[in-house]
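Naming follows writing order (A, B, C and D), and every chain is counted from residue 1.
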Amino acid sequence: MKHHQYALTPPMGWNSWDCYGATVREDEVKGNADYMATNLKKYGWEYVVVDIQWSEPGAISSAYRPFVPLEMDEYSRLIPAVNRFPSAKDGKGFKPLADYIHGLGLKFGIHIMRGVPRQAVHQNTKILGTEVTARDIAKPNSICPWNTDMYGVDCSKKGAQEYYDSIFKLYAEWEVDFVKVDDIADSKLYGAHTDEIKMIRKAIDCCGRPMVLSLSPGPAPLEQASLLEENANMWRMTDDFWDLWELLYNMFDRCYKWSKNIGPGYWPDADMLPLGHIGIRSVDGGASDRYTRFTRDEQVTMMTLWSIFRSPLMFGGELRDNDEWTLSLLTNEEVLDMHKNSHSARQVYRQDDKVVWTAKGDEENLYVALFNIGNEKQKVTVNLNQLDLPSSKQVHLRDLWKCKHLGSVSNEISYELSPHSAKLLKISL
Amino acid sequence: MKHHQYALTPPMGWNSWDCYGATVREDEVKGNADYMATNLKKYGWEYVVVDIQWSEPGAISSAYRPFVPLEMDEYSRLIPAVNRFPSAKDGKGFKPLADYIHGLGLKFGIHIMRGVPRQAVHQNTKILGTEVTARDIAKPNSICPWNTDMYGVDCSKKGAQEYYDSIFKLYAEWEVDFVKVDDIADSKLYGAHTDEIKMIRKAIDCCGRPMVLSLSPGPAPLEQASLLEENANMWRMTDDFWDLWELLYNMFDRCYKWSKNIGPGYWPDADMLPLGHIGIRSVDGGASDRYTRFTRDEQVTMMTLWSIFRSPLMFGGELRDNDEWTLSLLTNEEVLDMHKNSHSARQVYRQDDKVVWTAKGDEENLYVALFNIGNEKQKVTVNLNQLDLPSSKQVHLRDLWKCKHLGSVSNEISYELSPHSAKLLKISL
Amino acid sequence: MKHHQYALTPPMGWNSWDCYGATVREDEVKGNADYMATNLKKYGWEYVVVDIQWSEPGAISSAYRPFVPLEMDEYSRLIPAVNRFPSAKDGKGFKPLADYIHGLGLKFGIHIMRGVPRQAVHQNTKILGTEVTARDIAKPNSICPWNTDMYGVDCSKKGAQEYYDSIFKLYAEWEVDFVKVDDIADSKLYGAHTDEIKMIRKAIDCCGRPMVLSLSPGPAPLEQASLLEENANMWRMTDDFWDLWELLYNMFDRCYKWSKNIGPGYWPDADMLPLGHIGIRSVDGGASDRYTRFTRDEQVTMMTLWSIFRSPLMFGGELRDNDEWTLSLLTNEEVLDMHKNSHSARQVYRQDDKVVWTAKGDEENLYVALFNIGNEKQKVTVNLNQLDLPSSKQVHLRDLWKCKHLGSVSNEISYELSPHSAKLLKISL
Amino acid sequence: MKHHQYALTPPMGWNSWDCYGATVREDEVKGNADYMATNLKKYGWEYVVVDIQWSEPGAISSAYRPFVPLEMDEYSRLIPAVNRFPSAKDGKGFKPLADYIHGLGLKFGIHIMRGVPRQAVHQNTKILGTEVTARDIAKPNSICPWNTDMYGVDCSKKGAQEYYDSIFKLYAEWEVDFVKVDDIADSKLYGAHTDEIKMIRKAIDCCGRPMVLSLSPGPAPLEQASLLEENANMWRMTDDFWDLWELLYNMFDRCYKWSKNIGPGYWPDADMLPLGHIGIRSVDGGASDRYTRFTRDEQVTMMTLWSIFRSPLMFGGELRDNDEWTLSLLTNEEVLDMHKNSHSARQVYRQDDKVVWTAKGDEENLYVALFNIGNEKQKVTVNLNQLDLPSSKQVHLRDLWKCKHLGSVSNEISYELSPHSAKLLKISL
């Protein structure tokens, strides 16, 4: 499947949602891109993604304003609100901003909602390259349960595929590299919208530009794992993830369930990293402007799970407000090397709140992550033969977060861990 | 509950849906009203109801046209399409048609959809007597699963009750007597919309005119029986009923289940009678222009069940095309006397496809209906003591459909019945 | 329906479950019967009911002992464990205890589980008056989800009805007046067991002795209201009720939902009254030996709801340990007169945590109960016209729990109520 | 995971269920083993499996006899019924039969039900090597929905693991090579019994003999894919499969869904092959004694899907009654080579009733299966680039069922296929 080539390692980047909700502005996007170019690019971070509602001139928070007018071209295609993205003036769309980001050596991504704008349907505007109108292709009663912008598109209608083709053609003109499509991987009303996923796949395949395809929200259904892999590069395993321990705790089960359905080019997604300064203009996740509510132990636990599982890594905080600690989580070369180059990750066992994962490195290395996700200190142990190594073998351990050698052990690896904490080890044979 | 006074016996009338789908025109309404005045009024038939989509100038069938413009006043209130209802010109609404029908000594009813027009929301028009707009009161993601006209109304919003008040004020000005509200008693997406039911109750209570309130579609949930009784006069026990034996067969269970939740002013509704000439401009119910597909035995079975259960009786066919047989079903005084004046109907027993119902008349009479709803001829029997009578008692029987005396029996009543047929008896003590 | 005659008013009595779990002994039953005869009989309390596991010699708590041998006669019928019920020796069963209770002018009830003993099935013992064995009539995979004593009985098998006939014949010989059948009105595995309910109805009808039939556990399905009425005298609206506010809070909804399906002889049942000294040998309901955890306000709230709704009243505590307050709740003649003789109870309205019920007395009286089921003090008001009285009417109020006149009001009745409290008024016109 | 070593290719063998239901006898098992040794062994067929109820002396059909006594040793362990398995006399169990089959160079398998015998629980017999009894470890209300032999085992009870250890110790003594555990991978009452799956894994791991573990019935939940892989070698994707087109049709979806969760040692199982002479003493699957109802085209379709997907292959018919055609389906070396040695099978696409699968062979080969599962003849086409080959490449095709070369093609592969038929091709690069 050709599109797998577009994301041979799990995508890494920044997304505006956790800090700016539905309201991010061009200067903020550029500012974060600048930071990324300076501080993170060399570690593999590359995508800069503008999240939801960039067509809405009056967006003020993470809460959507129902039924408000969106900026749209004559062909029913949403375009950036010029008051928020000044470079988009004169119909230039996101091209100037993409140019800026490309100029930094980074890649540019946008969020879209599945479907055709409701305002296009009610105004009955045209669909590019067809004789049909928005009204003709809309699936009348296919709506998003939490946002009023769009109607679904009915794949059985003439002009439906052409509509999706037309918007991806526009994104190709803008030189978009990454598209996060929302209201599509799960819906409390309707489940996953598989027909529209397939139309979008086709539209990208013929738009003339490689784009990574990311599907939201979750939980995407495991029953659809094959279809997701065949059509997308990443899809959410979970509803929105925030800096709440319970959500992190539950991610262990989700990763376990999805660990067979991962490979070069198709990445189940544990969602953005709500780290650093978040909630600046967002009230989602039960809080507003703050530094992440995760403790440092929890932050390491999260980064360890995301990295050994090989989830995409999308930072959610305002990068320019990172402290040294937060930056250090994003720039650990050994951890990121595992994230980029390991394979065959699997949960070795889970016993109540002790969890052990392993992944393979090159022929002489493997990785082990020990987690204590309980509320009491406890010892977490793994036997070498649970890692498919002979018990008697002498192996060398390195602590990846602390960047230090721990000496050799045989038989078993065992550490006492604080509550909510993790230890990430590289084993050399 | 005062509104129970508006329908102390189960409503009887004509509704345009079964014959004209979403397309009925003023002349057709008048023609049916004329027929009713001449032929049926003296038997108690009185409501003439214009069903769905009377604001849609281009309606052509029972199939809805998604997103088409509807006629609406400046206050977001739908008004009759003048091309279909010429007397509504100059903003007169349904007043002239209501006058015509009242002039015949009959009553006038309309159908409405729950909610506020989507076009009002997207155009952001005003709500009468408030400073809010349609957009402010809409419940963004509350839609009908089968029609694109409306958004639900959010009862927690300022102006929500005022909107419902404003439309019922208009209907009171038009002198409407009966309102069938749709997409409210059940929804495959959301269940029953109890908040909007309550707002409508309040709106009618303060509109200055008594109106019978009928709720659709079904099946309304039995769990909400008390709420329905407290707010409405009738509500559907079933999804749309058509001239198909299976639907009639299933109605026996529905009636059984609802038989305790019935009384003067609140009537579980078995839906319209698809008799005579139906489907003229409708493709619903799996067929088009036709005489009813029910056999004569099945028609009697249906009329017997509806009458002894005391469902509302709303005739669905084009009255002017009635043949003598069909008319005879609507003008049997003894059956209609039971429908109007009996009480305490109950299923005596059901054994496979033998079903017996009884109801009480005045102190000296009771009614028994014997049904064979199987596919083979069989004898259906009821013992007098199953009717709370002494076995030894000598009772007199009269066949209500045949209008003839059957002599006396004691101990039991027993008849051999053809498949799908019924026998309706009045017992004199 | 003849069996309605056996319980023309809601049954009142004592049941051993709340205080003694599965372990009650003959002396304790007699002690409570003595107390009832002396202190409660004149107020209408009459049933003395031995709850679950009376065939189990080793019962020690409310927790069941899986698979232990039960005492059984040669015909697969469970009989009392003689170590717990000494008068049952020599095969006398419960006859001597029933005689004792009848001698006090009271009535005797027992609990049984739906089905045939598993031990009878595995030992393949006989069924009285048939040539079949327990194995032949058992429904192999119909079990109780919480107790291992029985298999369900398959009504399609020869001998099935005969088995139920044989046990009720035995109970008739014992002179049992009341049977509480368990694992039948609801089951988390299978729903209500309607076939066995009907077999039991038939068995009672031909056993030669009137017995009140009570069905457990709940919630019985509202969808089966007609079937329940046709076959039983009372059935549980709820899973086991204990002295926890949340359970009491939820009962308001349950009573509302069932309020149309009640009448002389058929009584939806809010379950036993966990008052006074309970949990003596029980660990059910999240607690053990204690005085009820309900506050006095909550106790009045419960008694008021049960009484105006006309639930059966089955006291659950050790009667001999009643204090004066508890006894007073059971001996208020005016409240009990309403419980016995009122009719047409209905919830007038519920607005958040304000709830008002009314019921009719004789022609010159009606009852109103005002409830504050919130956590803050608040005023609860009802307008006279909500009670179908003219607003202007002058009516006289009496506080039934305080047994005092409150003077006259017109227009509305309004009281400030403490959290979780109720006021019960009789209105004279 | 060590147990994956026990089944590095998908198991192949014979199972008694489809022909003999619950009744197979030793002579029949030996007869089929003899046939396998002579005719099939060289093609890789090796397991001979005695299916359900071998402890039941009176089994007469595929229908179970409820509650009948089973043969059991003093430690609550079921043993073969000697009247059916004469060599099991004197407590020898299945050892003599296993010896016989081993003597033919084949492997021996048995079926068991999850749990401990109900008769052991009710007789309260001992558990080997413990002081507890069957009653102590039973999970009282964990039953099989379709068979009365067993209660589940409660893993939290002392002695539970020991019970499972004791039965697998016995099977190791008998030299069993394959165990099919039933009522465990899915249950209409309870879902998958994951705790008991884990206990069984442990019991095998410490029994001292490698045994392939097969779990039934299906559909096993995809959500449990990781747990299944970690504990078993094969598990059913479906409820019982029979010779009915609809079941075969649905298998395409099941295989698609599971195609990522397969690898050396863990095999989702499409169930037995109901081919040849089946139903000899079985009435399951809606028919009795017959030759398979599948047409020859359907048989090829089934064998093709099972083989390219790499399902285990368990023949269900009486081998000795095979005709030449049936035998030919089991002895096609090229097809079986693909079944044994291909990898990475995936559905290329499904468009209505056209389905294409591919799998990889060695570096110079790949496989393609074209299916027409519709009811009309149609052309099924796959482009080389859908197989990740350059369109322009010239590739060589071989028809595996016909064992003949088809010449070379480029660009696309396309065949007109009869309804319900398949074409299986090997592509040489």
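As a working rule, a residue touches a chain if its C-beta (ideal position, glycine included) is under 8 Å from a C-beta of that chain, and two chains touch if they have at least 3 such contacts.
Each chain and its UniProt protein: A, B, C, D = Alpha-galactosidase.
Keep in mind it's a predicted model, so treat the numbers as computed, not measured.
Chains touching both subunit C (Alpha-galactosidase) and subunit D (Alpha-galactosidase): none. More than half of the residue-numbered contact pairs at C-D reappear in one of the options A-D, A-B or B-C, namely A-B.
Chain centres computed from CA atoms place A at the largest separation from subunit C (Alpha-galactosidase). Put simply, the C-alpha centre of subunit A (Alpha-galactosidase) and that of subunit B (Alpha-galactosidase) have 52 angstrom between them. Inter-chain spacing, taken between the CA centroids of subunit B (Alpha-galactosidase) and subunit C (Alpha-galactosidase), is 40 Å.
Subunit B (Alpha-galactosidase) and subunit D (Alpha-galactosidase) have Cα centroids lying 57 Å from one another. Multi-chain contact residues, meaning those touching two or more other chains, do not occur anywhere in subunit A (Alpha-galactosidase).
Chain contacts here close into one cycle, and each chain has exactly two touching partners.
Chain contact summary for the complex, subunit B (Alpha-galactosidase) toward subunit C (Alpha-galactosidase): residues 222-223, 225-226, 229, 256-257, 259-261, 346-347.
Per the touch definition, subunit D (Alpha-galactosidase) reaches subunit C (Alpha-galactosidase) in the complex via residues 66-67, 118-119, 121-124, 135, 138, 140-141, 143-148, 189.
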